[in-house]
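The same chain A turns up in both complexes below, where it pairs with chain B and then with chain C.
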Partner chain A sequence: MFNAIVSADTLRATLDSVSVLVDECKIHLTDEGIEIRAVDPANVGMVDLRLDAAAFESYETDGGIIGVNLSRLEEFAGMADAGQLIQLELDEETRKLHVQIDGLEGTLALIDPDSIRQEPDLPDLDLPATVVLEGKDIDRAVTAADMVSDHIALGVETDDEVFYVDAEGDTDDVHFELGRDDLIDLVAGDAHSLFSLDYLKDMNKAIPKDAEIEMELGEEFPVKMHFDIAEGDGTVTYMLAPRIQSD
Partner chain B sequence: MRLDEFIEDFQRDEAADLRRLAAEKSYAITEYLDDVERQLDETVQGDALFGSTAPSIFVGRSNYPDVSTGLLSPVAGPETDPTDYVTSGEWYQQGYSIDDVFQRRTGLLNSTRSASVNVADVWDGFVGVQREVAIADEPVDVEIGLDGQPDLDVDLDDIGAPRGPRARARDAELAENPSVPLEVEKTLEDDDWRADGAMTYLYRRGFDVYEINKILSAGALGQGANRRLVPTRWSITAVDDTVGQYLRGTIRNANSIDTTEVRVNEYMGNTYWVIMTPGQWEFELVELKAPGSIWNPDPDAGMYMAADSEGYEGRTDYVDETSGAYYATRLAVLEHLQERGRQAKVLVVRHASPEYWAPVGVWQIREGVRHAFEQELGEAESFRDALTELAPHFPISLAQLRRKSEMVSGLQAQISDF
Partner chain C sequence: MGNADLRDLAVIDTVAYDDLAGSVVAVDAHNWLYRYLTTTVKFTRDSAYTTADGEEVANLIGVVQGLPKFLEHDVTPVFVFDGGVTDLKEDEVQKRREQRERYEEQLEQAREEGDSVEVAKLESRTQRLTDTIVDTTRELLALLDVPVVDAPAEGEAQAARMARSGTVDYAGTEDYDALLFGSPMTLRQLTSKGDPECMDLDATLDEHDLTWEQLVDVGILCGTDFNEGVTGIGPKTAVKTVREHGDIWGVFEARDVYVENVDRIRSLFLDPPVTDDVAFDAGIEPDVDAAKAFVVEEWGVAADEVERGFERIAEATVQTGLDRWT
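Right, the complex of A and B next:
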């Protein structure tokens, strides 16, 4: 059983942060809220999302897993105005999701969860550097790097206490750095890793510009980015595997 | 073989000779054209009726969808074998030089008419004859009514093979009943079959991409309403891309190769380094075009560099910089991996030296890379080691290559590696 009412904004933010990586996903329904974990087909980018019951106007479930086609559900959610409420109700008989927005009603066919790619294990990484910055700074770095290159280096200079972004293209370079004063917080540790911009651009699309992003970095290690959605009643973690320079 | 011994084997010594030859060769083309003129005078009869055996067709791309569509047939007498004039992997095996290619192609008359590309049901008239020639497995005897004198010139293209003299055709008739392979009959008759599926089917039934692109070009594949003449240049790339996607699918879940493997091959003044390293499929072509080579003709210009790449899931858009060379190279690499049932991260570096003095078409790249896999291989400890050892033999520094190449800057890792 699943029956929930949620604001269109919250539902869209939730779906968007997953759909930048995958087309379909499993949604775990628990007493505390919903959980989604997914990895892209290349096993390079991963998302781990939790949306608490408190983020919903009303939330009832006795547990279970449903499989959804994200772009279909996003289309439904797109029918609502920003402040409108969306009711989602699982029809156990037909395995369809009943969607109701004001007077608009629809049903969305669900996908057999067993047919969806297996969820990844979340690697337990002890990353030496942590940077807390605003979403808009990530946007700025990604946009600047994209002018000159297809990849981007993210790093921390321990001595100078600086977080930096480097992009090198055929002929042009971009360098962007933020010192301790420009950052919300910094735990300095040696870090430098190269990432594919394609992935980072996709993740950037779903990162709220005004949110605080906690970014964990290491030496040729994946980057982790944590941020809140739904006014703190939900969290998203992205993990992106690096491009390795030393092999 | 250890990589350092392997490297010693491919030190180039013929470069200087080739360069000198290249300077002389461009004059040779003019002489071939004189020969063609003489042969045409002999072959074309009073009312400009030209009897020949057509092995192939050509579809132009300008003015699409009203294109110039042509029958290609040798002007030389009956003692020639028309199949020698058709671009295929055979040209490589027979060791064709740039010169040989031009000799063949200048001897091939392109008799053209303009036609709409919408040909779903057109099996009569000039276009009908042309389509019959395209689906036949052997060159077909035809009689072509020419309208006026042929225009004796050579057209160059970076993807298609060079084209020789052109004449406007009044009409054309089959002088025999062409033989059409069963598989081609099957794809032709099924007008519910999408073109990509039909191309893959033909490939799996042993047709090489050269035959498939001829058939595709004649609008003989695909769902009924979508059947059109496809300009030769587009059809070459379309077939390389489609077959490549099919092959990539077959290795999607394959195990990786175990060590870093380096191969090199040289053909027509081009050097191909193929570096394969363990991991999930990733591919890049980097082209280095030397100053003074074709497409970078100014001898004082710097090295022209172009690169395109794809990750595990492939590309969604057409390449930016390397055009048809990308798809031809990727096809050759995927054929090798599929045969081994393995996947790998593969970097191909192509160096076009000044000895590559005239473009002969993308087949040269496809065959150059296909045959790289027949060469002895060198093994390295890692991708990085392979690059470091090869670097002195590249015409640019490793630092320059790193700036241009996605794979040289870093190889994509997976979440599960950590």
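Right, the complex of A and C next:
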């Protein structure tokens, strides 16, 4: 059993943060809320998401797992105006999701969860540097790097207490740095890793510009980016594997 | 090269390369290389395929040009090499040898006539998998960290077995016989431009209401690498008659026909010499510089023939996976 009412904004933010990586996902329904963990087919980018029951206007379930085609559910959610409420109700017999937005009703066929790619194990990461910054700074770094290259280096200079972004293209390059005063917080530690911009651009699309992003970095290690959604009643963690750096 | 009649029966769909991301394919190495030696390596210069000493190196160019497509789509190829030649295949091997000799004669003539296009065409057809080709291919694959498996006998049967046992997701071969070897999902056209096609065994059996054994009987009636087909029986008739009479012996009795060694041919498909004892590391971390030195310096392949291929291999393998940290 699953019957919930949620604001269109919250549902869209939730779905968007997963759909930038995968087309289909499993949604775990628990007493505390919903949980989604997914990795892209190449095993490079991962999302780990939790949306608490408190993020819903109403939320009831007796547990279970449903498989969802994200773009279809996003289309349904897209029919609602911002702030409008969306009711989601699972029909156990037909294994369809009943969606209601005021007078608009529809049913969405679910996917057999067993047919969806297995959920990944969380990487075991002990990352030495932590940077807390605004989503708009990530957007700026990604946009600047995208002008010149298809990959981006993220790092922390321990001595200078600086978070920096480097992108080198064939002919042009950009460098962007933020000192302790420009950042919300900084735990300095030696860190430098190279990432594919394709993935980071996709993740950036789902990162709210005004959100506080906690970014953890290491030396040739995956980056972790952690932020809240639904006014703190939900959290999203992205993990992205690095590229091998040629010397 | 198997029997193309099977194509009329097989359920085959094009599959987007992007949808294969993350999968592992057991590639019949000889079949794959043969394609590169005969059709895919385009000949801008006839000297590109042999060294000054006359050793064939088109296989090295083929590997460098063929691998990026797998790696760029995050598909892991496992190359399965043939072990000993199955006795019954002698005929086919003999036939190919004769055909090659014919080509070689024509090649000689074209050379005398100075017809360079014809020479190039024929040269590609006379390529064969010599020991040198097999050895240098394996060494290059080792430098590129691409997994290799040795089949007890036929590579194709071994690749099919690995797909059947779930060790890999697909077998990869042009040969329709992969169906008879019981490969559940077989990718074809891995060397072609564009997307490959996937041959689905269960869907094929469902469509014709046959069992795997019956499909093998149908294949034998139409002709395989191991036997001539029965005159007058095409794929449609074969399906009908096997369904009607249950198995190939029923067909023999009802139609008064016969295929030599049918027991052995059947068991070559249904129970071929294969092994489940295979181990490989699907994480590919190539030493591109060493591979390039091997191809260009040691084997004298013109650097510009393989430059782009090596670049693509390097580019496709710089991305790590998160599973490295779990």
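Quick note on the criterion: the second predicted complex is superposed on the first by the 245 of 247 C-alpha atoms of A that agree within 3 Å, B and C clash if a C-alpha of one lies under 4 Å from a C-alpha of the other, contacts with A are read in each partner's own complex, and residues count from 1 in each chain.
Operating definition for what follows: a contact is a pair of C-beta atoms (placed from the backbone, for glycine too) under 8 Å apart; a residue touches a chain by one contact, two chains touch by 3 or more.
It should be emphasised that the depicted structure is a prediction, and the values quoted were computed from it without experimental measurement.
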item: Superposed partners chain B and chain C on chain A - clash or fit; value: clash
item: Touched partner set for A:Pro120, first chain B, second chain C, both or neither; value: both
item: When both partners are placed on the shared chain, which of chain B and chain C touches more of chain A; value: B
item: Touched partner set for A:Asp170, first chain B, second chain C, both or neither; value: first
item: Selected from 97-105, 115-123 or 205-213: the stretch of chain C that, after superposition, runs into chain B; value: 115-123
item: Chain A residues contacted in one complex by chain B, in the other by chain C; value: 39-46, 120, 123, 125, 196, 221-222, 239, 241-244, 246
item: Partner chain A, residues of chain C touching it in the complex; value: 21-22, 74, 285, 317-326
item: Of all residues in chain B, those that touch chain A in their complex; value: 277, 280, 305, 309, 311-313, 382-384, 402-404, 406, 409-418
item: Chain C-facing residues of chain A, complex; value: 39-46, 117, 120-125, 196, 221-222, 239, 241-244, 246
item: Interfacial residue positions of chain A with respect to chain B in the complex; value: 39-46, 120, 123, 125, 150-151, 168-171, 194, 196, 198, 221-222, 239, 241-247
